[in-house]
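Structure first, commentary second.
By letter and in written order, the chains are A, B, C and D; residue numbering begins at 1 in each of them.
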Amino acid sequence: MFIVKYIKEVYSAIKSLLVGMKRTGYYFTHHKEIITEEYPDNRHTMVLPDRFKGEVVMPHNEKNEHRCTGCTACELACPNGTIKVITKFDITAEGKKKKAIDKLVYHLELCTMCNLCIIACPSDAIVMAQTFEHSVFDRSKLTKVLNNPDSKIMEGIE
Amino acid sequence: MTEEIGTTADGDLIINVGPQHPATHGVLHLVITLNGETIKKVEPHLGYIHRSIEKMCESLTYRQFSYVTSRMDYLSSHINNHACALIVEKGLQVEVPARAKYVRVILDELTRIASHELWWGAMAMDLGAFTPFFHAFRERESINDIMEETCGARLTMNYIVPGGLMQDIHPNFQKRVKDFISLYKSKIDEYDELVTGNIIFQNRMKGVGFISAEDAISFGMSGPAARGSGVNCDIRKLYPYGIYNQVQFDQVLETAGDSFARYMVRIREMKQSVSIIEQLIDNIPEGEFLAKTKVVLKLPKGEFYTRVETARGELGVYIVSEGATTPYRIKFRSPGFSNLSALDTMARGSKLGDLVAMMGTLDLVIPDIDR
Amino acid sequence: MDKEELKIKISKLLPTAVYEDGGDWLNIIVDSNKWLSYAAILKNDGSLLFDYLFCLTCIDWKTHLTMVYHLSSTKYRYNIVVKSNLDINTPKIETVSQIWQTANFHEREVYEMFGVNFLNHKDLRLLILPDGWEGKNPLRKDFEDLINMIKL
Amino acid sequence: MWSFSNISSSIHHWLNESFSPTWAMIIEMVIAGVCIIGLFATLGLVLVLMERRVAAWMQIRLGPNRVGPKGLLQSAADTLKLLVKEGLTPNGADKFLFNFAPFIAMMVAMLLMAPIAFAKDFQLWDLNIGVLYISAVSSIMVISILMAGWASNNKYSLMGAMRSGAQIVSYELSAGFSILTIVVFTGSLNFNEIILSQTNGWWIFKGHLPAIISFVIFIIAVTAETNRAPFDLAEAESELTAGFHTEYSGMKFALFFLAEYINVFIVCAIGATLFLGGWMPFQIGNWQAFNHAMDYIPSSIWFFGKTFFLIFLIMWFRWTFPRLRIDQLLNLEWKYLLPISMLNLLLATALAILGWHF
């Protein structure tokens, strides 16, 4: 019958609305369900997973030595010219010339964190750091030299 | 251009929806001819985020080009990478280790859930309900956390490389995926309470944006948008890749062809994805995660085509190789581009408010359309 | 049905088509003048019903252009690749947008990216490139963008 | 006992003793104006903060928490931002109407404040046709929206304004009918009398089914009249970017924004007055101790408590439901709300004639 159908329609409509309101009402009263974090305040307690790809860095040991041989594998692996390896020739103790890096220039502004350089590196000289707050006021600050000044290659890395 | 700022000769109003508009989720530009509130014509203008990925890939090696595809359909970046890896493996005839295959499919399905999750929230927001967006992000964030832990990134992973995976899965991976599934199962009914069952929502969706199965095929539509019209087009079933032939799942089909059907396809598809993950997560075989490949990859001369099912539909990668280290020509057949072309046919005669429902259920991702 | 059987079936319908080896699917090369009538046959013939054009693109071979159409039949699940070679200086081919509606957008994309003129296309305008684009077609091999392209 | 009525009457006496009656009247008017503007500002701040908090908690978020303790000063910071922003007038706009529209919206909101009883014997203007006055003045609101939409010379604004026109005109009907139900029960158009008639129980309790139905319809209709979601078609962010105030910025936008919240407050105050007994405390039959305890709570707290409960209800709607489409919106009014409210009025009239309400 028309009237019965009409009333049923109105009833089911109102019911569906109330079900939705019950759901939002539940979250309104249950503050434990809140999932957002207060980001800049929780900075020191924040833990990023160790695989997080933040930026490429070159670890140095306490004697200011790194593992980079200057083989340019990373430069070749990089899809968008983020890494530039500038090499020089060191004279070793025996008087031999040995290829070493002068500078490993890293353009953070071009980097897409694709991790291809890291897996290409044969001597594990570069790794991904877990930093992510990269914004600066001047773009030129994003161009970094990864090896420390006066750093040397570690013993035994070929 | 003068036409676009005024009215037509018939006195119809022409309005520009986009490139900056709250409902276009990006930089889609639609020029709409309106008679009152009724849509007479919709004309997409594309290219605001065209980066010519196809041209870029011509100068990238086979190891490098897949990271670019993460930026195409960024919501299913993992599946795009999978397609790129598949085509290189096909060309080189590399056998991928079983472990990698399992993980790839699990991650594909997680990506699909994450993408549908975002779609659900964004579409509800288009229709004026803001709250579902945040509820959807709760679940999506836990997927992103899993991705972050294993792949090292939340959105543009680049975790799949030709031959397998870039790294082995994280030791916590299986546990966290299982945690996610139990969380997800406890929350999925809330979606129905909040949105699906809502009378206002149903009225906004039912009978809106109808497209017939013939038209859907003719427009080259694919994915959930076409399955809402009853087109049998799930690449995972038709042309199985990875280990999709070993898992049990249903191809979700709805026959109504309207926005609500497309909506229900995606909602049901999320549940199917969960069941796929459940079947695989405990059975990931031990062993290698990366097959041995040469350092420099060279595809043999010839043409290669792979199709995968992304969250939006069929992604085709077509490579013409001249035997060099870079592809000679590469074409990405993106699902969004074809799906968008059907929008005009769908929208004619409906109200302006329906347009957002249609765009919502087509699940357009603009970088995927423009490439 | 494998490639050979499909080839026999199609060669009865498309008499002047040439076949090419390689790829997963049957590659058919047709003359660009014949393409429109062949397309109608492929779409409408009851034993083929290639109703799903899933990829339409073009390749610049520097000496000539090749149009590539990937067709699929949603009923029989056949897949074929149809190719047609075009002249590089004045590339033109009949549109198939009235047969497969998806071709409308894809042909507009090929038109602006490769400069192929699609005859009888109802709406052949720039789709992706900005209005008033002048100069060469971006996906041609001789295209060089001195400003935006990064040389590695 | 401390109350608004004591304060106001003592001020009144003091003024009349110290000044001539004319001056006393003028000074009273100035004081009333200052109070109203002060109330506006406070209400704006409080309601915006409340809306943001309600939205945040429903959306499993924390909400504003940066400015001031627990984010309490957030809306003050928002106001400051809006004040210092440049108020743009588009080139093609009708400059006079464009700048005038927000003021009409504010003026309407101010006018509507007049007959509302904020506490016992505390009312700006005890009008004997208060209900009629409210329904008449509130329909001026649509003029400001139409004016803003038309003068902006923007297609989105125009469409928003046209939608709003259709919407407010139709929903005024069912809002009027549901108010009439109470008028039928009380037999008076005076707000004070309506409140006094609820001394022994609020109308929503003693009016049986018709009062409940008309309360529900009233809430739906005023949500639509104030252009709040799910009826915010005039703004319809995802369709019309911002609807009728697309082109407004800075303080002119702030006035529209404020007017929206003030209107929400006013309609909720009217709803509280008509259905929930205004400043009348909640009392149950012959529970003497309970009733005394309730009486002890100041009447202004009762009034604001009820009003804010209704405001919360309207915010709850907004953060739960999707938006309706324009034709569905009009269908809802003409096919559902209007017939139901007409039948309901008939039922209420029958009840009132037979005297079956308490």
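Some observations on this one:
Convention: a contact is a pair of C-beta atoms (placed from the backbone, for glycine too) under 8 Å apart; a residue touches a chain by one contact, two chains touch by 3 or more.
Note that the structure is a prediction, hence the values are computed from the model and not measured.
Between A-D and B-D, more contacting C-beta pairs join the chains of B-D. A centroid comparison over C-alpha atoms places C as the chain most distant from subunit D. Nearest to the common centre of all protein CA atoms is the CA centroid of chain B.
Averaging C-alpha coordinates per chain places the centre of subunit C 63 Å away from that of subunit D.
One inter-chain figure worth recording: subunit A and subunit D are separated by 51 Å, centre to centre, where each centre is the mean of the chain's CA atoms.
Here the spacing of subunit B and subunit D, counted between their Cα centres, is 45 Å.
If you average the Cα atoms of subunit A and of subunit B, the two centres end up 24 Å apart. Across the assembly, subunit D contributes 58-61, 319-321 as residues in contact with two or more other chains. Among all residues of subunit A, those that touch two or more other chains are 17, 20, 23-24, 35. Residue positions 131, 138, 194-195, 198, 200 of subunit B are each in touch with at least two other chains. Partner subunit A is touched in their complex by these residues of subunit B: 60, 63-65, 67-68, 131, 138, 141, 148-153, 156, 158, 161, 166-167, 170, 190, 193-195, 197-200, 202. Note for the complex: subunit A touches subunit B at residues 12-13, 16-17, 19-20, 22-24, 35, 48-49, 51-53, 77-79, 112-116, 119, 128.
Of all residues in subunit B, those touching subunit D in their complex are 13, 15, 21-23, 37, 124-131, 133-135, 138, 194-195, 198, 200-201, 203-204, 351-356.
Touching subunit B in their complex are the following residues of subunit D: 55, 58-61, 155-156, 159, 229-230, 232-233, 236-239, 241, 319-328. Those residues of subunit B that touch subunit C in the shared complex are 1, 45-47, 50, 52, 54-55, 59, 214-215, 217-222, 231-233, 238, 302-305, 307, 314, 316, 318, 320, 328-329, 331, 333, 337-338, 340-342, 345, 370.
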